[in-house]
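Below, each structure is written out as structure tokens.
One chain, chain A, links the two complexes that follow: it is found with chain B in the first and with chain C in the second.
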Partner chain A sequence: MEKATVVVIGGGATGLGILRDLSMRGVKALLVEKNDLVNGASSRYHGLLHSGGRYAVKDQEAARECIIENQIMRKIGKSCVEPCGGMFTRLDIDDESYEELWVKGCADSGIEATPITLDEAFKLEPRLSRKHVKSAYLVPDAAVDGFRMSWQLVDSSKRYGGQVKTYTEVIGFDTVSGELRGVKVRDHFTGEEYEIGCDIAVNAAGGWAGFVGKIAGVEIGVQPDKGTLIAFNQRIVNHVVNRLHKSSDGDIFVPHGSITILGTSSMSVPDPEDTSTSREEVESLLKIGEQTFEDLRDFRILRTFAGSRPLYIPPGGAVGRSASRGFAIVDHERDGLKGFFTIVGGKFTTYRLMAEKMCNQICAKLGNKTPCRTAEEPLVEEVPQADKDRAKKFFPSYGVNLAATRLGVERFKKVVERLEAEPESRELVCECENVTRAEVEEICKDDTSFIVNDVRRRTRIGMGTCQGNFCALRAAAIFSDLGVEPSAKNSLERLKEFLQGRWKGIRPVLLGRTLRETEMTRAIYELSMNVTGGEPQ
Partner chain B sequence: MKISDVIVIGGGLAGFMAAAAAADNGQKVSLLTYGSGSLPLASGAIDILNSKAPDEAIKLVLENHPYKKIGLKNIDAAAKFFVDVTNKSDLHYVGRLSAQIPIVTAVGTLKYSCLVPESMDATNLADKKKIFVVEIKGLKDFYAAMIADNLKKYFPEKIFETAKLDLNLLGGRDITCMDAAQILTGNEQILADGLKTLNATEDDAIIIPPILGLEGNSSRAAVKSQLRAQIFETTCLPPSPPGIRLQRAFIKFLQSAGVRIFENSKVVRGVVEGKKVTGVVVENSVREKIFRAKKFILATGGFYSGGIVMREFDNPIEPIFDLPVFYPSGAEKWSNKNLFSDKPQNFSMTGIFTDENLNPIDGDGKVLFENLHVVGANLGGVDKIFERSAGGISIASAYKGAIL
Partner chain C sequence: MSDKTQAIFTGDRCLSCTSCMANCPVMAAIKDYRGPKLVGPAHGRMHFSQEDVEATLEFCSNCKSCDRACPSGVAVSTLNMLKRAEFYKTHPHTQAEDMIAHGERAGKMVRKIPFGATFANIGMSIGKALNIFDKLGLAGERNMPAYASDPFKEFFPRIKQTAADKKVVLFTGCYINDNEPHVGEAFVKVMNANGYEVLIDKEFNCCGSPLVVTGYLDEAKQHADNNAARILEWKKKNIPVVTPCTSCSLMLKEEYHELFGEEKFHEAAQNVFDAFEFLEILQERGEFNDNLKPINQKFLYHVPCHLKSQAIGLPAANILEEAGAKVQTADAGCCGISGNYGFRKDKYEISMKIGAKLFERVKKKDFDKVISDCGTCRMQIHHGSGIKPCHPIEILAAAYG
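Entry: the complex of A and B
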């Protein structure tokens, strides 16, 4: 039987943070995830590295945690953080007295909030509404790429012996007189069921934590809270732009590379799998967004997406600190299940701190005295400049840096070597994100690449400007050569699946320039390619 | 300035066709274009309708269908005129309204159209013994193995062979079909020599990406004459050489017919007097200019080309004349859950309604402008992509709008 000291359940930022922390402390840890990694709230969010400004009035403890972790993330995850800075703007319709509270809250929480004149604000953010914006402050917000940071967590964990199994779902727990002995899992592709022996299991399943708890026979109060976001095809803002008012829907814009993300709504949903979005949610986000940026509707929307925040509801408020902190750790020994923990709630910005606290508790149980080092050691080594220079022959320099941070030192080196040796491997499979055939082939070889979408998330093919119009064909063809699952061979099905996946996020925003893109998709794939393969009626 | 007989607004298939038909009819024509039109995106084949006998099926279309307003006689005449125009520009098209011709797509399915470039006509594929699918080293978007794999489903009894030719096209950057077609123009011998190495016989077929030049038929003729096997071009991802060939064939025809083409001329609004359009205002970088004519043809396209725009939900707009736009309202009716399915996408039905003269009408059926004719993709009422009528509606409405 396979064995680990600790099994971590859930492949989001929290779970991966725990895997890394434990591995660095020398604890043999294995992470299981029922889907692909980063499939929940860790990628389905703003990509905002909070300064804490948003919590400065309501929850200063959270605000303080944010500003501390914000500084740590910039250090350990340098290549995943875009230090664009943040701006809080109060509009004419916002409560003026809140501004005072907020300024004081920031000062009390250790967040530097610098007032700027409106002239300066309009200079920094030319698209801000001249009509509505009344005051502005700069704060140290930043943008963070949840995908990249999570993949770097995996690489870091693996370096210390951590293991990851994706598409591996927990179906039961093996206990002997109230003590955990192992976790029973099922392989999504083969259907094979087996047990992984362990002393401790951590339920870090986010919105799914309640389901995992149920399997273990314990009650966990987690309420999935759906947030819908809109990705625009342009960089509308230079900074993270927040509304200076009591936190509400649709009041944050975050720039990421060449796009901007606007969000979010907040809606309790029964099922964390519910990532549906509707025209009403989109319309409501746009209405709020255009108060800050009046010409918002002139920008092409790439797509909309949604994720579920795992909000922790303590049983009768008993576990007190959770409500204010935003996250909670539960030792289920109290429920008669020794060796089983749950960590729930929180936000991406503080995932490392959550992991540290969780691992402190686990290590205390294990008698492991190694201190946590996750705040000091960078996630990955930097890709050597010499390798980047070699790659510049094949990419624009912007693309070099993206590929370097996506791939990491070793894979990047291999890819560059292939680009040099085989001219054919230089083919840009995805022009929007500068992804070469060599990179796609390298990622296809990875032990977490099973389906086209896994490769998509890793390489970002299909996630840029064309939303798959061009790369869907290429991905289907390449994957039918390299795919590990038998169904990869059905290239037409894979191609349609790929485009259907994109369509899910496009359908609720089918207006403006997005309509134009969709007509192009249909013209290419229905008219020029006849992908439905139909004969005349 | 001189007043034209006809001003055509739009440089896509419909605009070109309207200008060609009007000029052929002895009219003095000005064509105003902005951008490159949608032809470089197109397969090059002209779909008429998804039916085994399109001419019969056209008779059965519903009241709001553009074909109903155009009439079978005009559709038939338009198809013949289209083939004439292309022939005169040395781009050979084959086909008729009563039957569908298969062509091989870049994913290896068959696509059926009424009017297709001779270089793509795959009718004879069924008679071949062996089918070679040939990719070119360094040319992207053409994957022989995938094409052969999917094509086998149509021809399970045939022998398939894939091959990869090295034509030394690699230059350190990606080569698209358009690049290859450009490189091979005047250098066809490289391709002919490469294809000869397959040793294909007259019983065989050779399927290649559409790289036989960007103009007319000469590149194809140069390669074809040296091979015993028949070569077939597939469709491809944009930019599409067969679409560009068609675009160039039209431009050649228009120039010889005396049509004045004004490029980079964005029409921003119409000048109207009562039920008559007297001019259109064109905006360029420095000033506005009014173009006047007796008759105007609006061929500005649909959502893709900006002939119809929709900035807010449930509020599509025709930006030049502010014509009423028909659309299905509400989120549920707007689109289907699946991108591809057995149902039309309603949002694609968005467009302008006309009477039988292709004059735009309002909700009560009242004609708005008597000398304005709406043609092409901005016509509403049907999902032209789903029912495979986009090309047919473009050429036929343009033809009728021009000769009225």
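Entry: the complex of A and C
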């Protein structure tokens, strides 16, 4: 039987943070995730590394945590954080007295909020509404790439012996007289069921934490709270642009690599698997968004997506926007299950702090006295400038830095070698996001790539302007050649699966240029390959 | 959005459909060019990631085939020109680039010297013989356009015109002014025959096309400001500005605005007409003078890219056909020279490869004369086929007797 000291359940930011922390403290840890990494709220979100400004009035403890963690992430996460900075703008329709409260809240929480003139604001963000914006402040918000961060956490954990199993679902717990002995799991692809022995299991399943608790026979107050977001085709903003008012829907724009994300809504849903989005949600987000950016509707929408915040609801607690963004750690020994913990709630920005607190408790149980070092050590080494300079000769322009931060030192080196040796591998698989064949090949043959979507999340193929129109076919072909799973050979199925994934986010925004784009996709795949999207459901 | 036709706002419309790449004559000639979609709108999304230079941006000839192919209205080539201008902010121009961008300046210098044109032409022949152009980075295979003994603007007051109430201002452009004043003369004759008196405005600058394609955007902006101001002055007097040069008219009508995005360029554009576009309007109004000798000739018409980009059809062909001519379009794509592009040493071969289909067509010689509205197209056809074309306005002028 496979064994680990600690099994971490859930491959989101929290779970991966715990895996890294434990591994760095010398605890043998293994993470299981039923899907691919960051399938939940850790990628279905804004990609915002909060300065804490958002919480400066309502929850100053959260605000202080945010600004501290923000500074730590900027230091340790140079390859996944884009320090674009943030701006808070108050509009004419917003409560003026809130601005005073907010300025004071920021000062009290240790968040530097620098007032700027409107002229400066319009210079920094030319598309802001001249009509509505009345005041503006700069704050140290940043953008963070959840996909990139997750793989960097894995890379970091692996250096210390941490292990990850994706597409591995928890189906039961092995206990002997109230004491945990192991976790039963099922392999998503083979259907094989087996047990992983352990002393401790941590339920870090986010929105799914309640389900995992149920399997273990304990009740956990988690309320999935769905947030819908819109991805635009371009960078509309240079900074994270927040509305300076009481936190509400659709009031944050984040420049996220080549795109801009606007969100979110907030809606309690029974099932965290519900990542559906609707035309109505999109319309309501646009209506709010265009108060800050009048010309918002002129910009091409790529797609929409949704994820569920795992809000922790203590017995009798509030839900939705009024629910606390704080987190809770539960030691289920109190429920009669020794060795089982749950960590729930919190937010992406403070994932590291949550992991640290969780690991402190685990280590206390294990008698491990090694201090937490996750705030000091960078997640991954940066790719040396010399390697990047060498790579420039073979990479498409504007592509080196992005590929370097996606791939990390070792894989980047391999990709550059491939580009150097095989000129044909320099061609682009994804023309919108500038992804070379060499990079796609490198990721396709990775043993964590089970479907083309796994390759997408790590390379950004299919995530740009054409939403897979041109790269789906190419990627499925390469994947069928190099993918380690036998199912990779079924290239037509893999292709359809990939296109369906893209289609899901496009459907609610099927208007204007997005509709034109989709008609082209339909024409290409239906007419040339008889790929029609299957039977109507 | 303040202005949706400004090029920088059009990149977002790209659907990545690749029509531009399929229609790019440069890509067809040289595989090193990454192509309009990638270099223009696709890279436009990625510029945030790092300071970088797309090395193959230099291949774009600004022929605008991509813009015409685009089903979504992306000003692809202008995006390329804007990026090219950025490149030259941090990279010096070569001497050759300085030369081919500043034809207007060279023309003025030549005119300051007595018999300057003669000396300059002799100098250019000697230069070519001694391979000096080649050493400078110019296409040594080509003849540099020879200077006319008198530039059109000097020669113009000597043309006898009958004063008329109806007036147009001729925007000569550099090529007609310095090298082919007889085209300007033909234009005056045609306009006079149609009851218009032709005026000249010496305050006009070079339209700026050669500056834009060579990355001198700030200078081009000065030209644009000046020319637009002049055009608007004439507009106030209800006098249209007309030009027989299709690259000039495209610049004045569309590119100023795409590049710089000010409302005044839109307003100015409404008062600018291509010569045959203007004549066609007269024809539609029943004001065209059709009292001309029947033109019993057969023409092969090379339609310049920059005329196609104006989306005004083929007014020259229509007018000549009305007068009895047989006009067949060459239908052989871009001639390859694209302004000063083909004058660069390192672009000469590409330019000739692009033009090859057209040269073959011309060499069939199943016509009496080749016509084309664009001066550099005419030079390229002459160079590539040995057959000298003329401007269609010359044919019309001759028919007015």
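In this section, the second predicted complex is superposed on the first by the 510 of 537 C-alpha atoms of A that agree within 3 Å, B and C clash if a C-alpha of one lies under 4 Å from a C-alpha of the other, contacts with A are read in each partner's own complex, and residues count from 1 in each chain.
In this section, a contact is a pair of C-beta atoms (placed from the backbone, for glycine too) under 8 Å apart; a residue touches a chain by one contact, two chains touch by 3 or more.
Predicted model, so just to flag it, every value in this text is computed and none were measured.
Bringing the complexes onto one copy of chain A puts chain B in a clash with chain C.
When the shared chain is aligned, chain C comes close enough to touch A:258, but chain B does not. In the superposition on chain A, contact of A:278 is made with chain B only, not with chain C. Looking at the shared chain after the overlay, A:400 reaches chain C, while chain B stays out of its contact range. When the two complexes are overlaid, the chain among chain B and chain C that reaches more residues of chain A is B.
Of the two partner chains placed by superposition, A:68 touches none, neither chain B nor chain C. When the two structures are aligned on the shared chain, A:480 is found in touch with chain B, with no touch to chain C. In the superposition on chain A, contact is made by A:235 with chain C only, not with chain B. Of the two partner chains placed by the overlay, only chain B lies in contact with A:529; chain C stays clear of it. In the overlay built on the shared chain, the residue A:516 is in contact with chain B and with chain C.
Look at A:470: by the touch rule set out above, it reaches both chain B and chain C.
Listed for chain B are the stretches 114-122, 132-140, 222-230 or 258-266, of which 258-266 clashes with chain C, judged after superposition on chain A.
In the superposition on chain A, the residues of chain A touched by chain B in one structure and by chain C in the other are 298, 428, 470, 516, 520. The part of chain A that touches chain B in the complex is made up of residues 278-280, 283, 297-298, 393-394, 423-424, 426-428, 470, 473-474, 476-478, 480-481, 489, 491-492, 495-496, 499-500, 503, 507-508, 510-512, 515-516, 518-537. Against chain C, the residues of chain A that register as touching in their complex are 233-235, 255, 257-259, 295, 298-300, 396-402, 428, 431-434, 464-466, 469-470, 513, 516-517, 520.
By the touch rule above, chain B contacts chain A in their complex via residues 38, 41-43, 47, 50-52, 100, 105-107, 109-112, 137-138, 140-141, 143, 145-146, 149-150, 153, 170, 172-174, 235-238, 240, 302-304, 306, 309-313, 331, 334-335, 337-340, 345, 347-348, 385-386, 388, 390. Per the touch definition, chain C reaches chain A in the complex via residues 1, 4, 9, 11-18, 34, 37-38, 41-50, 52-55, 72.
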